[in-house]
């Protein structure tokens, strides 16, 4: 069983049981963004979590092993086209140099890790229109001199 | 005077007076990310803010008008190469589909605006290594049916 | 059932019953451009509209759910090749900077939304050759300072 | 004198006299979009219009000839990055196939000319936020069989 | 039946009956280049011509409708690789600016239409090696000022 | 003196004396397209022609040698953007496979040379709008088996 | 039968009979490079050669016609990745301008034909390591002035 | 002094003294292709050769050191456009897989070195048109198993 | 049997027997990196090694021949996206010019071979986090002057 | 003073004093690769090291500050062309998937850091030709589940 097949099985089970990513994540006691990304095949699950998910959604045999596999991360286009995703890319383009200035002013020469990293999505209610709040949290890694 | 010239003048004044972006932003009573981006030429400043900045840094004549101009936003490479910026692009690549799932589950069919949008950088102290916390806050825009 | 399968089913039904996009749209009480784009899988349909369409064209079970799904918008080539579509791209290329000047002169710093957006196609009869009239109507979104 | 030099001279004169593109166009008795595009070097001006503009803005000698020259139209990036312009490109991407369906249903096999073509920008006031209205008007050109 | 299936059916019939494109075109009373392009799916056929072709080659049912459909024109690579086709692209590259100079000197500011357009291939016999003669004939379209 | 400098000198002289490419070519007894391309730096001139041109336009010393140099042919973009030139590229895209079929049916396996090649532009008057007629004439080169 | 099927059939027969390209070419009385390229589908075979090959390898019916067809030459990547092939591309990159200088110094303004062209591979034994010797032989084609 | 300046100085001296690359190479006792490439800055010269060249052409001080520097090899476009150079690229495209088959059949798994490599250009006189003969000679490098 | 099929068979056998690449390599008496690359189809195996592997993993008939075949090396994207692989590409980008300086200072003008080449991965234990140690070992190849 | 100006000053001083990167690094008590990369502007120097270097090479005022600045890392081409650097890119292409397999087998799901990273170049003498030995040493970073 390949990661892509588990993803399809999960999406099917989710539809049939009328679940949400948020609900599944709560069931597993993990964050919604991480759980969704692991279900979509972009992160590997630790054994205990994979086991819980397989039991909860009654996934077929082989699903646990596939969820635990280390994925080869890849995405289709260098510049994403779907408007929701493109706007994130636009933010990186418009604010990239700004973030470099501000982060390195605060932390020194180095980067925010995308590996030792977590992310969260929240909804901020607002009478003029609700707002999406994304929080990215990554370890600062200083460059090494040797 | 062009935006790029104002940017150079600001960076020079900032170095000579040993200021930080955070300090300049506090002086103006605005957010650090927004002030930095406007100083780098990626956002236009309202007149009152531009005036305050020109007075504070004693910028040359013409600076105020240039800071108020509406920029043509552009960035150099489709895939950014500087490691700090690339990691942000990588996050968009790895988590793009996940964010689409999670945001649209919470809000319906639509996008997070990159225009009616704010961003903040914070430092989370941590004995295992401090962490960078980015917060993106954008209005949700539902697609229109007509 | 996937969006692409519904699209095929709709096109088949449309051919067999000798319908037009304009006729289908009138039946649904919605705009022709929007209805066509939703039928081609580029917009999601509200439940009531999807239901009406399924009944009108006697689409198979599962079609309603697929029409209501939020699409991942994507298109094939960065520079479109079909002459009808390329000419639109050429208009964006030739008049892009002009539109930025004229729109921002009228509205301030910001953009025309492509999300809170409608579009219409009309025919203008003309003895020297009929003319195509496209009307794009998008909410103006001002940039935020924070 | 090259087109780019005339553009700079026009922009300078416009700033100094505090004019708008709309005002200049009204003075010349032509449309705002066309006048702006010709001033930015993307269209050639008929002699009478060029003469009027030179007189009105007191442009230097050589400006008239440069305004009348036939431009080589070119634009910088295949996928534009400035958000205002990118949204137009996104509209072409999302609605390209739809427009092909709807236009050819109304007119037959052919295209909307981008040469025998006019465009207009209007402001639609709206309590929920003003709206940008773009109108594109191009002659329909049927493909020839021979 | 799709255009690509008709193309295959035509090529098969052409081989079996040992026909040439020139012969088929003569039978239909149309130009060889146009007939070939329509058979390859790059142009739509008027009903009368499609009917004649179907009868002549005894094409299967559904072929007529497919031949009459308006094609979405697309080609594989931005820079074609087959040497015969690449040489044409090379001609556009080497002589593009020259043709712009010469055509606009003769006709004014505008373009040669690729829609209201015909093309012909002839053989010029020559003792030093026969020569290919391509004739392109397109309506001149002047740019519009408005 | 480089080819690009000669080109500028020629264009200046042409403007000052109010000449046309057609007139210059007639003076030299050569074709308009070839003369224009050589003046734009895309072909080398035989000594006698270069001499005649230098005398006719009173070009500066060094012009003759530069006109005779073998150019390195290059053009800016893989997909040309100026509408007049793009339409030629579109013709290659739409009709490339057709031309391969028709030429190779007439001549066998091989290509039309772009080196042993001439081209001509003519005006065909027409009450519905004048037409541009391009004639390309290239030696057929058969592939070699060895 | 398509060219690609013949290629597979030839490779299978070659393996089963333990033949080499060199041996097959000797059998046909043609050059190894040309025979290999025709078997891989990149050149068309004259009827007599195709017949001989079909008999020698007992290829299925339809193979002869497919071998005689004029191929549409295409290759996968603009910059080849396999190290053996990339090195050839690197040679073109490093020595391209040099070859232009040296060939045009010897022959005048023109090119080496890739159509009226032959190529050969030989092995030069050498105690420090054998050497590959490629010989390219193409007709010089002078540019035409007209 | 940079390599590019030496190249210009050499080309100037070569023109003034009416020399050829072949003549210069003979003077230095080295191959024409190698000498030309080193003069164009694509190879470094051993000290003795550089000295000889500087003396022969009376190059300015600093030329010797620049000729001896190790170049960073780079070329402008992935797909070269000048017809003479493009034809070489086309040969790599059309015959790349063929050369892989033939070379590896003769030598085993490995490549032809582009570093331990020489190249030569010769003229083959021929009544039907002279022919260019390129000889590439590179050490075969077998892949290592470890 | 093709290389890709052998790769799948090896991965299956490896999972079922719970083996590691390191264990398989030890069994064959070869390096882990080389064995893995050959199993993934990126290197050809000498007959003795292929035989041993087939016996050890009980691979199906045809596997030995496929393992011995000379691969056409290719990889998917010019800029790899998986973070583990991208970091290697980033190292080449950031340190490429540095390595050129340092290697050529130590060895003269030439390159490190990627053909006569070995590579090794080791684990360096470290209380602050274990470290990956990659060792690349390639023959230095001096450029040839001729 | 900008980083690029310091780089030029360093290279000049290095030439005039006939130094090597290795010698400069020894003087500073740091690794050769790191020192070279910092001198080329691809890493920032800690104050003490920058001070030492400025004193040693007698660099102009402003050099210390520029050496300490945090660089924006960028490199010219996605696929490097210089053969020495390209071979490294080729290694990443050919062995990328292999390294992923081997590293993750040894360490779990994660990556080798390119930030907490050191590199070394050594020469291995060998009678068949000396060998370049590159050692890359990066901290293993495990992916985080949250």
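Order of writing sets the labels: A, B, C, D, E, F, G, H, I and J. Residues in every chain begin at 1.
Criterion: contacts are C-beta pairs under 8 Å (C-beta built on N, C-alpha and C of every residue); 3 or more make two chains touch, one makes a residue touch a chain.
Which protein is which chain? UniProt says A, B, C, D, E, F, G, H, I, J = Cyanate hydratase.
Being a predicted model, the structure only gives us computed values, none of them experimental.
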Duplicate of the E-F contact set - from B-J, G-J or A-B, the pair where over half of the pairs recur: A-B
Comparison of I-J and G-J (more C-beta pairs in contact): I-J
Rotation, 0 to 180 degrees and nearest 5, that superposes chain A on copy chain E via CA atoms: 145
Chain F-chain H separation of Cα centroids, rounded to whole Å: 31
Length of the line joining the C-alpha centres of chain G and chain H, rounded to whole Å: 23
Separation of mean Cα positions, chain I and chain C [Å, integer]: 50
Contacts with 2+ other chains: residues of chain I: 72-73, 75, 78-79, 81-83, 90, 93-94, 97, 100, 104, 110-111, 113-117, 141
Every chain pair in contact, whichever chains are involved: A-B, A-C, A-D, A-I, A-J, B-C, B-D, B-I, B-J, C-D, C-E, C-F, D-E, D-F, E-F, E-G, E-H, F-G, F-H, G-H, G-I, G-J, H-I, H-J, I-J
Chain C - residues contacting chain F, complex: 79, 81, 83, 86, 90, 93-94
Complex interface listing, chain C residues touching chain D: 20-22, 32-33, 36-37, 40, 42, 73, 75, 78-80, 82-85, 87-107, 110-114, 116-117, 119, 121, 123-124, 126, 128-141
For the chain C and chain B complex, residues of the former touching the latter: 30-31, 34, 38, 43-46, 49, 70, 72, 97, 100, 104, 108-111, 113, 115-118, 141-146
Residue numbers on chain I that touch chain G, as the complex places them: 72-75, 78, 114-115
Contact set on chain J toward chain H in their complex: 76-77, 79, 81-83
